[in-house]
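Got a structure for you, questions after.
Note that the chains take the letters A, B, C, D, E and F in the order they are written out, and that residue 1 is the start of every chain.
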């Protein structure tokens, strides 16, 4: 692809530890930038953790992910894909939250992604906590409900708690189903584990036809078989991919708010995304990286590596 | 004092690293405990950081402060005071927040402290962020506005921002003045420093007669002289003491959300509290300890040490 | 089960990061508490590392495990068991050690567990180093030797060293066999690895009929087969479970004194306990978590998660 | 000043933890940017530590300083100066080093700053190790030798060692004097301490008339008196300010390669810069922040705060 | 073997945390020591990271590896080998680098290992970055090119970059092939992964007949099969083993400069070395441990454990 | 002094991060080394923390202090003294403890220092916890009680606790007085602070004539005046210097077991030792550095720097 404007800065020119850190060293193209109209995939940060009921810090995720992502090079080692030559990608900057007002922030997010969709830009989002995803979906699902491939240790299908009237990062997908943003029949949630208060999330899933794959099932059947089922479930229609970093085992990804032991290792964490190649992914996110709990920066580096895998899938779907 | 029920567990009996960590190894006396009526000073945790506009984590403060406080022994080294023999103290537990609903949490806090005041229990509070203080004051100032001795690097007198309608940890004292909970003429704020957006907080202070002592003035005049002025300003009437750990230099107390360089060392941090001996302190708080940024646990240990100093002042005021 | 006194505080009422941290948010029921007679399973801390020949710090284990354990919810995700409804569980507090006198501390521990056994309370212990287990077994094995399921990277069957007259955390099981507290024919030790001074521990095992499963054998045969053998070996008679956190790979559980590379991942670490369902477990421990070497707190969180797995097994055995 | 293009993004619009981190949230204006001609003070990163003879990592300094600098607001608390309204400031990006070729990198740096000088842009540099300063001076001192105000615990006046033919971060100022870039009679080095191999640096200073103020002298005479002498020494002529973060005590600034105990606290660290107000500072640097040794990020935050102080001095000198 | 001079200090005599830390508690035998002539395997440190293009710190590797290695005991748990009785081993100390002059340092290293080879001492090297290996090979391959078993996530076969004239840790093996130090037909590189700038390294490998096993192939075929192929490739002729710690997954070995996600766990990391038993290994290295990024010290402990595995293979090859 | 055998390795020859870490890069001269008879000042490690009643880890102190001490150069910056030319110094290695048997370890230590005294070697000791000092004094005070200059935040004059029969790091000086090893009239303890159980230590001091200088007195009078009094008290007779690192403020020295806030900064910490120049110091120790709590390594580096100051005083006293 001839348009080198959208190529990342090479480590051959400027060492990877140098320079102002944009996502994957891509150009920063804000909504008012002259080249915004040419962007096909926009990397966007959502620095907000206002839905977090336990340990906070995901608001610092986008910056840490940007920093780590400067380690990414141009070509996928296993597939040979060079995504930045396949798709015009750019760092669109962050959506500004109001850290003390959740409803307002959700509105800002929804409005922003409504605008992106109108421009035909497919978003790859760096959270932020998982409630961010609800805002994204509100902006994205303008032509009917989307399918969902969801990696997580929690279903996030719980009823609102702490009194019942508020949304948290424990219920974005329940709300998204209720609001018609997701098609429950085209939803699959993979990696579910950890202790539970009760089974209400699973009851909701059963009632709506959402497929839950527990971690035990994932390990017993193996990733290839589970992901084949995932591909069947979402089919060829527009699908969103949501990746909560707590899907991964806490030994690999400690930097998150609600870690649950017994998840996949890094190779498995990467492989599930690769197995989505060929799906019609119209947007995706990597959420719940919480830098204050990521003392080595490794969780951010894994998150950035997963974003690159997602980007390759999305570039392949254009 | 004969009532050993209220004495902390001694390190001679059970090493200080052992046992379930209550504040200063005091008995846990919830509101429904049979001995609640005998408590004179209640140590209370406010695990809430919903007003935090920058780095979060103060919600984890009470637990870290409890843990560190088990290092506290029975007697003050410099004054010889044995506060647990002077006053009946207890750990009252935490006020439960709604982590995703600020207004509701402020109501819970205000209600709780209204109840304590009704029982005649003087609170020593472990935050939480500084917006907690507004909730405490709403519960405490039932018989007229209180005086305030306030240690901080920020005035927290700013107008609500992020759109203007919401409270943050940047404006509890402005709200408290506006609501008549504090008497601005009996307020002194000490240690103020750091870069500013503008001077609106200082304009508000000037307009209401609030005394601001910048860090430069504090170092130039010396702590004894500044604290003598503080004692003059608040006089003998009921006074609240609010201690934001970011008053202290970040080399000493890194575990906080908005550190500003150039504050006092630990000796100065302790000394300003000791100089309040004799004041009519009816309640106090130690806020903004953020354990995720306190990698050594030192900030919590300093916070617990300061709470002990405050407790000695409060015990002396009974 | 109707007796809600023994139910943990729910995160729905009080967020999990709030409140005084007891084990799994259970009520604190000391030996002098009116409800002590109703307790079926008692969670007890042994904050002692006086047998540690290498890196210390396990004395801080119980507090870190309590703190982490407040993340545990009410229901097991894979089995659906709700242990706190099956068994009346409580946090009994810590047994106070004498940090500078090992023999005296062992006596205190033995006496304490003798008392628990007399009351019919089954203990789930949080260490402390592995020498704690000897004290527990001295109190527990009052009606004859117990069986043992033991997860560890070391056999802890060595002769006393450093001159020969003292016990360390390298020999509790040798002493327990010698003292008739354990039935060597009903003992299995799983996960053994790491460099050795010599083979004396294995000679002792062979001579007494203790079954050692090295890590190589465990990985070659697989966990299900090895655990089936374990169930055969211990049979239906009363059995103790001892889990040294250094069984787990150091990438997963770095916070321990003598880590050895090449152990199981978190999923395997959890699974070996689950496979004990149905055994007649009359007591268990999770030892050697050393918080000073657990910089992320992850080891404590894994330890607490394993204690929950053990609790479910023990509740099922009532 | 009406030109809001050069104003930093306000935390009122976008929280300070959000957005792509440029120095102090200023616009990124590369050398090919249309507004480059309007820049008065350019903030530049030198991500290079190729002269480091001891602990490396300063190559990561510019990124950490950028990240921390987003905490800076618009106005100086003590003086009220609003530097971004006084001077048109911008983040010019980094000068790309060759991490494995020192001489080439020094040439690149010298060439870059030669170009800046030609454009009339005064640089405020974020290192990198102290050898970077030699490259900067080679570019800057085009119209004769400059004066120097130098804060450090080392004189950096040593002869080249490790065989004698190579430059290191231990001798930039010796080389600069030898090359006629600095006027030794207008040089003052403040804060010198730490063990020494020998006195050759002091012999060189004595021979050339360079003023060395040891830390003992600084504490004995006091900062105001020492800085008055500094102002006398450099006078009104063009002067460079070089600030090695190891000037500050390691308790305050641990994140550096060669810390020496017994330096000033943060208040002193800041104050020495403020006392330079009124000097004709034509360029400055803050070097030797080494993020791998800065576990809390505090050293970077102090470094960014000092850069703001330096910027205020430089803005005042325009 | 009767010569106890070469036996490590036992932890039975002096606890493992005590004493001056030499590699594996072996005697320090410098080149001028009277027993140097008896040494069969020499453990040598190369504290140099001058070829590092990304995150530095490997210069601190040898010291951290020595410290961790004092945890090693006398006997291999799985094979029963007691290497210190099979071979006379010693810590030969470090080769002194010139931290600011790469070519000179490479010369020093080559000269040193030339001397060792002349003495008939087989080296086991602790790096340092991977460019150290080029220096070692220059000293070792005096009688013709060696075979290579190479564990890494990078091929290190790239052309010199940053202008093209300098060597970095990205190209030691390309240079070694070009210089005739390695026989490309007897080279195998295992574990290759991570994003790439382009495929030039793989083109070079293909052109020269170097076998590359990607991480995907390694996991798909399994370690035993891959290592059987490795044994076939290198055959019985003299072979060097080079182990870059970034071969291992970053969750296990975070303390390195260029981590790539998706590598083997610790058990696999160890197993690949064990599978080399029987090969004619005449020298080996463990490189790229970077202590500033190894916050728990775990990477150094794994590195030391791998060095013990390598030592057992080398002792078996004598 | 011509005997270069006893000179440290220079950083000019071998960079300071390289080489096997002995104290200050001195030669390792064990008791059986041919040059032992020439040693005047012996640096000795006591890796034992068996008297620790609170947070352990000081057993790891000597190794961390050795590592940090390799940063020390040849000459004192302020006085110009070159101690390694004034006195023949060597690293004598560690005294091996029995980690699980306190009385035996104390005997080993006493025996070791008895031997050193017989050889006329003056010891500079790196602990270990403060109970080590009792063992040292038992070996040293063979010709009558010594004077003591003691820097600490605790008096360590408490009666044995935890049942009364055992020694801890809370009472070495009480035991030393009781055993006639120290002359209480020639003892001064400086920096005392922190909460207390009771005043029994001060009663003991008063009864025996031991001078206690609280931290308040030290700051009020100033270090020069206090140290002048110290010199008067100990006079010209043989005197021991004992430096507990918790004398220093925890912001400066967090890596210790029982930190107390409000101590001196690093400059003060160093200065008190310098003020001992001229005293007849026959031995000294630096104790209670606990590396597991010293995350940056800064406490060890300060400890090593203080040992260098002590060494200069001791060399001056020869």
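Just so we're on the same page, a residue touches a chain if its C-beta (ideal position, glycine included) is under 8 Å from a C-beta of that chain, and two chains touch if they have at least 3 such contacts.
Values in this document were obtained by computation on a predicted structure and should not be read as measured data.
In terms of the stated touch criterion, the partners common to subunit E and subunit F are C, D, listed by label.
Chains that touch both subunit B and subunit F are the following: C, D.
In this structure subunit D contacts its sequence twin subunit F using mostly different residue numbers, the overlap staying below half. Separating the centre of subunit A from that of subunit C, both taken as means of CA atoms, is a distance of 38 Å.
For subunit B, residues that reach two or more other chains under the stated contact definition are 15, 17, 53-55, 59-60, 99, 162, 249, 251, 265, 293, 295. Of all possible chain pairings, those that touch are A-B, A-C, A-D, A-E, B-C, B-D, B-F, C-E, C-F, D-E, D-F, E-F. Of all residues in subunit A, those touching subunit B in their complex are 49-57, 59-60, 98-102, 104, 162-163, 165-168, 292-293, 295. The touching residues of subunit F, counted against subunit B in their complex, run 53-55, 161-162, 192-199, 214-216, 219, 249-251, 254, 258-259, 261-263, 265, 293, 295. Taken in their complex, subunit B has these residues touching subunit F: 10-12, 15-17, 71-78, 80, 249, 251-252, 265-267, 269-270, 295-296, 298, 301-302, 305, 308. For subunit F in complex with subunit E, the residues that touch the partner chain are 13-15, 17-22, 28, 45, 47, 59-60, 62-63, 66-67, 91, 93-94, 96-97, 99, 295.
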